[in-house]
Structure formats: structure tokens, C-alpha cells
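Submitted below is the structure of interest, expressed as C-alpha cells.
By written order: A, B, C, D, E and F. Residues from 1 in each chain.
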């Protein structure tokens, strides 16, 4: 039994098993249960990294649940898959890499951050379920399975957002998120039903090989695109994002960013793989580009006027999602033409590189916001100031994150934005200019945060200075900061070894299909 | 026309659910709207799997010489029913908590996040 | 104003969905049934269960069922967590 | 609603409760032969418990059965996922008992038959595990919604 | 530490870091040739407040006021934008359905 | 071929849905929803899906209704206390 063969299943099964185990252990002992989640997610992290590099070097792997061997996707003598299949191609492995990293960091950070909450076992169970949900979403190769994991992710993140039930705003944010995600997931289920009714299959590869692009398929595509873009937080369906991101505990917010990106992954998977062979690329590409540009611009302008630090960062998350949509949307709009090879592929690389960069620096920024909240007990920027005197590590990490999100060289944000600017300029110069303007406004609003939270005279509250946060919170932030610096200094290495296989996997639906169905 | 009746009913339920979610000024009514959407989706899925003149896909004591209806949509609908119960329970719990905090069920008055 | 827009939106949605659904196969005459015919034919031999739906739920699509049970589990611990008595000093 | 129901309700509930539970268990363990299964049977058992809460409100609110339900629910799920894990020498969710000749491993031929209980491999076991989980989980939801929010200052768990 | 080739230009972080260090040394060099009799933390850096004493807290610009001019200049834009952000949960679904309809029309009518 | 049983069932489902939205009394709305679930369960049975019919009758008509009623009861209890 080769462990890598089983990695796709184990990546989901380990967090699930640990989540169930938490509730069991809770009735036996209350001591030291905080560390179990970190250990399980640490194992998951290692598994995720090894699976990702295996996939990048030697092609997609599939995992068939319940078959007599993991790779046996077709029953003998038949040409259609019948069981649930997990398929880890480059894109899935890439998203799994992000998900495992961020969830490990979130669990490590939560050890101290969440210590004050009661019913701690529920908190960690939900954290593990959120991890399992988002990993399942990115690994699955089955439409209905995608819906199930979509629901797990929604439910877990709703409860975590509303976890501080003594705050009325938390409960409100939870309900709003719940309502919109339930409605969107039901419409996704309608779309899945339509595709099943037409083609009698649920496997993404099988449906992709049969798809006709009839009117019914178009309706299903519209339902998919809208729902998944909404969950990714794109304007004008972004209203839930600042609420939920703002009210969730900081480590959860960092993971919610990854969960949103899992929806973004779903969007890309649907347009590139599921409909990839028949889609009218120009129409759908422009829809995605327009959503992206709106997200970039409205997100960043709303961020400038915020005074709540986490809401501000949440609006930036919207605006950065716009960059990914723009990059990949340009790739889609040029898909299949000469322009794709000239600049479309580079734009896609930029968009995909931005996904991993954003997961890390926005995660780091939310964690620093959490660290500030942990000590000062406020999220209002007007009431902060002078934290740089005592919280030295947090200040440094915040500076790294802010420089990365604003696209200052030599951090990773610059590398991905450079790719997007230059390739999008060839496609349409106006889009590129808007993207640069947004970048400047991003820098401006983070200067505002830095100025009002960290600079200024030293503050004293209740006769105490604000100390540095506990060591495992510092370590958690340090891991992400280190990754940002590495990704910024070695952009060529990251592009060649991680981003390029991912972009290639995303832009070749036939490879995805033939992994399941064999050569056709 | 008659053969599309179940599809139409399902879609009608979904549209009515969306209508309730957008226009009703009561949290419980909104949750009822979501429940209606769930019922519509379930009906749609089961209707997809029906086969004219078929029997239930169970071999125990089945009559001979008939085709069976498609079993997959039924399995999916089972899953979706249980998921529907889970979401309903969670939404109702959240609305109880919202009522505790805001003393109202009117969604236009639950705007604490906007200050 | 908003109401008028919403009514327009919903009527367009109704028109599109209803026209689209008439291009689907009529109820009772499904088009592609290869996967389901495989289940009906082989479920009894491979799994041994007489109830084909159960063999799909727990064998062929067992992972969905695990996800479903997990959704229920999530809902239960969510309700427990949300209705818990909160200590004032938790902040 | 901390008052109990009248004696008639209590007696009828006592009488009905047994039937409902037995009916639920029947649905669970015959899930692989007749319509039904873990989810449906679990829901029936849970509605039996819901009836019990309404009739004997005080007894239940005093005893706080929450711990027990939570424990059993996680046990059910752990059994379910462990059964899935046991097949991992082939794949996750491999049905390692089907057609093996042992427990629930009787071979049957294709076609209509009266239904043999000793078939279907891990499916009946999973049905039972899921039935256990669903019954306890849904009862817990009903119980908690019956109890409501614990106010600050009231005695928590 | 490879060079990132974008297809249109290239970027090498190593060169950038070296350039940064060189420029930093240059600035320090220029600075060391300046006057040494100016006190950095003296009264010279405090703003003039009509001779009144004000504590350092009060002189600080609050976060809400940092980009006052920018927000004032774009007032029309921000008024529309904040009007859209109502915070009513029905509106969230309303916008979602609106976008859904627009996308259905765009995709469905297009070829 | 017009199947009258099915037609009537679907008609009453739509009527029940209409009532569950229009009625201002929440308990009546929930009862209408329960009726809808029961009829939906009947419709599932007519569509030869007994598994789903049992699930819908037990979960949709039974437990969901119970949860709704309990939630409304909780809200009204709080109303009285205030």
C-alpha cells in the first residue's frame, strides 16, 4: 500500500476522523485537547505537500472510493465511472497545498487565541470540519460530492463566524452568511440535477466529455458561475464577506479566505474543465473579467473608508479576488486562440500565482489583526496606536504582509501582479491601468492601518502595556511570513515548479478527462 | 404537457422560496422559504429518475417483468433531505439567538453590523 | 422600485428556467441511463443488498453518505455550540 | 414549559414509545432489504424521543441527557468512519465483507428473492452506525431547541 | 534565485535587493555629510498649535480622518456605494438573483 | 395520459406552498409546510421512491415541523418574558 496513492482520501479522512474523535475524547478528558488538531493538521500538511509535488512531477492521480484498487476508475467492460472519484490534477493539488498550509497555521494559532472560549472541543471540531470541507471541495471529481462538501464548508464556517454568541453582530453575520450560502448551494444542486438529467452521469470528467452546450447547459452554467462567484466574494454579491470575515475569530478568517478560494477553484473547474470543450470562451471570459474588475475597484474603494481593521481587510480580500478573476478570465477569454499562447497563458499564471500569494499574505494579515485584537480587545482603528513599541514581531509581520498585498518588490505580491499587469496590458490596456490604480489604493489604505495601529505614542490600558502575543501565535504568523518572503525572493522557482504545472493542468481539460476515462 | 408537470411544480416551489426569502419581513418566513426551495429541489431530483411503468428499485418480493426506476437520484435526494434538515435546524437556532439579541424578527431591523 | 426590479428579475428567471426545462427529456423517459442500469444490474451481485438505493447510498456513493452524516454532525455540534451558556469573561 | 403533560398523555406516550422505537430499529436493520435505512430509521427513533421530551419535560430537563446523546452520536460516527477505514488495504470505503461468506457475506444471485438478512457486507453495519448517529443527533437537536438558550448567569453545562 | 521572465520583461529580486542596499548605503553616505547640530527629537518636529500646549494624543490624526480629502472629493461615488450596502439580508439575496438573471441572459442569449 | 392522483397531489403541494408563504400566523404556516411535506412524500411514493418517501415523511413532515414549532415556541416564550 503506497501512501501517496491514498493521499487524496486521507487528506479528507484524517480531519474528519479527528473531528469525530474530538467529541468522543471530550467526554473522557478535558485536558490538552487543544493540541490534537494541530498534530492532525500537521500530518495533513506533510501529506498535502508530498501529494502536490508528486502530482506536479508525474501527472494527475485519481482515487476511486470503494473500488478494489485506487486507480480503477472504470468497471471492467464499461466506459463510464460509477463510483465517487477524487481526482487530484495540478490545480487540485495546488489548492490542497494552500488549504493544508493555512489550516495547519490556523490550528496552531487557535491554540492560544481560542483558549478563552468555552466548549473548546466544538471549536476545534468545527475547525477540522471546515478543513475537511474545503479540501474535499478542491479534490473531488464528482458534482454531487462537490455540493456535499460545499455544504459542510458553509455550515462549519457559519457556526465559527457566529461562535461568539454573546455578540449580536456575530450571530447576525452568521445568519446572513447561512442564508445566502444555503440559497446558492440549492441552486448549485439544481444545476447538478440538470446535468444529471441530461447526461445521466455525475462524474465531472464524464459529463465534460459528453457536454453539448444546449440551452439547459447554459442555464446550469449560469447557476454555477453565479453561485461560485458569490461564494468567492465577488462584487456585487460581496455583501456577506465583510460581515463574516469581520466577525469570525481571526484564525478562522484566515481559513475562510482559503474556503472562498476553494469556491473560486470550483468556478475555474466548471468553466475550464466541465464546460471547457464547448464553452463560448469570449462571453464567459468577459463575464469573469467584468466581475473581477468590479471586485477590484469597488472592494478597494470601500476598504479605504473603513475604520474596523478586519472589515477593511475583508474588503481587500474582495479586491484581491478581483485580480485572480481578472488574470484567469483573460486566460479564458483568449482560450483556444493564438493570443492564449502569446499572453493569455501568462495572465493565467499570474492569476493562479496570485491565489497562493493571497492565501498566505491575507492569512498573515488577518492573523496580525487577530493578534492586535487579542491584546487590545478592540478592532476599531481609531482606538489603537503605538503598538510598534511593544508588539515587535506582530509589527514586522504586518509590514511584510502589507508590503506583499500592496505589491511592493521584492515580496510575492509584486511578482504575481507584474505577470497580470503586463499580460493584461496586451489584452486590454484599460484593465491593466485599473489594476495598477487599485494596487496604489491598496498601498494607501494599508499605510493608513499601519499609521493608526502601530505608530504614535505608546498606549497604556488598565495600567498595562500591550505585550507581545504568546509564542505559538508568533510561530504561526512566522510560518506564513517566511513563506511570503521565500515566494517573493524565488519567483522563478515557484513559477516553474508550482504555478506552471497548475496553469497547464487547468488549461488542458482533455488531460483531466483522460485520467478517468482513459484515452479516447 | 403533463409529463413536465412535476418539473414545473419543482421549479415553481423554488421560485416561491426565492420570493419568500426576498420579500418576507420575518426570519421564520425566510427559513420557510428556504425549506420550500429544498422541497422543490428534492422533487426535481426524484422526478428526474422516474421511468414510465417502472417499479421501485428493490428486489425483495418485486413483481416480475418490470423495469426499475433510476436509483441514483433517490440516493441523492436522501442526502439532500438530511442536509436540508441540518440547515433548517441551524438557521432556526440562529434566528432564536437573533431574536434574543435584537428583540425582533424583522430583517430590515437586524442591521447591527452597519452601525 | 426595488420590488419592481425584483419582479422583473424573477419573471425573467421563470421564463428562462421554464423554457429551458422543456428541452429536458419528458418525465418518465430518461435519456442516458447507463450508470443506473449498471447499478440495477450489478448491485445485487457486487454488494449483495436487495435494496439498490441502499447499496448506492452505502457502497457506490458511500463517501457522499459520510459527507451527509458529517453535515448532520456539524449541525448538531453547531446547535450545541450556539446554544451554550456563555461566560461573561470569554472576551 | 417546565410543566409535565397530563397522565393520559404520559401513559399513551409510554405505550407508543416502545412501538416507535421498535419500528425505527426494524427500518434500520432491514435497510438493505426493504425501503429504509439508517437515516430514515434514525429519524423515526428521534421522533419517538421528541414525543418523550414533550410528555416528560421535567424529567428530561432535570437530567440533562445532552452528554449521553453527544457521546453516542460521536460513537456512531466513529464506527461508521472506522468501517470505511478498515477497507483501506484496498481503498477507502471498500466493502470488505461483501461476498466473503462470513458475517453479512452471503452470496446471492441476481434476481428477485424473498430477502436474506445475512447479505450485503458492511452495508447493514453502516446502516446501524448511521442509525445510531442520526437518532442521537436529531434527538439532541430537538432537546436543545426545547431547552433553548442558556441565559448568562444561569447554570451552564 | 531565478529571474522571473514574464514574456514581456523580466524581474530579478536579487538585482532589486542589491540595488536597494546600494541606494541605502548612498543615502546614509549623503546623510553623514550633513549638518550634525540639528537635534532630531527636539521641539523642531512638533507642529505649531498657536502656542497652546496639546498632548501628543490630541495631535494625532484619527484613522477615520486620514484620507478625508480623498473621501470628500469622491463624495458622490461613496454616497451611491454606501446606499447599496444596506446590510439587510434580503438585499443580499436580491443582488444575487439579479446577477444570476443578468448572467443567464448574457450566456443564454449569446451563442 | 393524465394521471389524476398525481395532478391533484402536485396541485395541493403548490396550494400548501402558497399558504405557507401568505399566512401571517407562523404556526399555520408551519402546519402548511408539514402538509406540503406529507403530500411530497406521497408524490415520492407515486414516483416509485419508497426510500425517499419514508425519509421525507419522517424527517420533512415529522422532525422539521417539530423543530419549527419548538423554535417558534422559544421565540414566543421570550416575547412573554419581556
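Operating definition for what follows: contacts are C-beta pairs under 8 Å (C-beta built on N, C-alpha and C of every residue); 3 or more make two chains touch, one makes a residue touch a chain.
Here the structure is a predicted model, which is why all the values come from computation and not from measurement.
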{"item": "Required steps from subunit A to subunit F (each step between touching chains, minimum)", "value": "2"}
{"item": "Subunit F reached from subunit D - shortest hop count over touching chains", "value": "1"}
{"item": "Each chain counted as touching subunit A and subunit B at once", "value": "C, D, E"}
{"item": "Distance-maximising chain from subunit E - centres being C-alpha averages", "value": "D"}
{"item": "Whole-Å gap between the CA centroids of subunit B and subunit D", "value": "23"}
{"item": "Distance from subunit F to subunit C - Cα centre to Cα centre, in angstrom", "value": "18"}
{"item": "Distance between the centres, which are taken as Cα means, of subunit E and subunit D, whole angstrom", "value": "56"}
{"item": "Rounded Å distance between subunit B and subunit C, as computed from the means of their C-alpha atoms", "value": "9"}
{"item": "Junction residues of subunit C, two or more chains touched", "value": "6, 10, 13, 16-17, 20-21, 24, 30, 33, 35-36, 39, 42, 44, 50-51, 53-54, 57, 59, 61-68, 70-75, 77-80, 82-88"}
{"item": "Set of subunit A residues in contact with two or more other chains", "value": "16, 20, 23, 65-66, 118-119, 144, 148, 151, 155, 158-159, 162, 165-166, 171, 175, 179, 183, 197, 202, 215, 218-219, 243"}
{"item": "Residues of subunit E engaged with two or more neighbouring chains", "value": "85, 87, 89, 91, 93-94, 97-98, 100, 104, 108"}
{"item": "Arrangement of touching chains [line / ring / star / complete / other]", "value": "other"}
{"item": "Complete list of chain pairs which touch one another", "value": "A-B, A-C, A-D, A-E, B-C, B-D, B-E, B-F, C-D, C-E, C-F, D-F"}
{"item": "Subunit F contact footprint on subunit B (complex, rising order)", "value": "2, 5-6, 9, 12-13, 16, 19-20, 24, 26, 28-29, 31-33, 35-36, 39, 42-43, 46-47, 49-50, 54-58, 69, 74, 77-78, 81-82, 84-85, 88-89, 92-93, 95-96, 99-100, 103, 105"}
{"item": "Touching residues (chain side subunit B, partner subunit E) in the complex", "value": "18, 21-24, 30, 107-108, 110-111, 113-114"}
{"item": "Sites on subunit F touched by subunit C in the complex", "value": "51"}
{"item": "Of subunit C, residues touching subunit E in the complex", "value": "2, 5-6, 9-10, 12-13, 16, 20"}
{"item": "Partner subunit B, residues of subunit F touching it in the complex", "value": "1-3, 6-7, 10, 13-14, 17-18, 20-21, 26, 29-30, 33, 36-37, 40, 43-44, 47-52, 55-56, 59-60, 63-64, 67-68, 71-72, 74-75, 78, 82"}
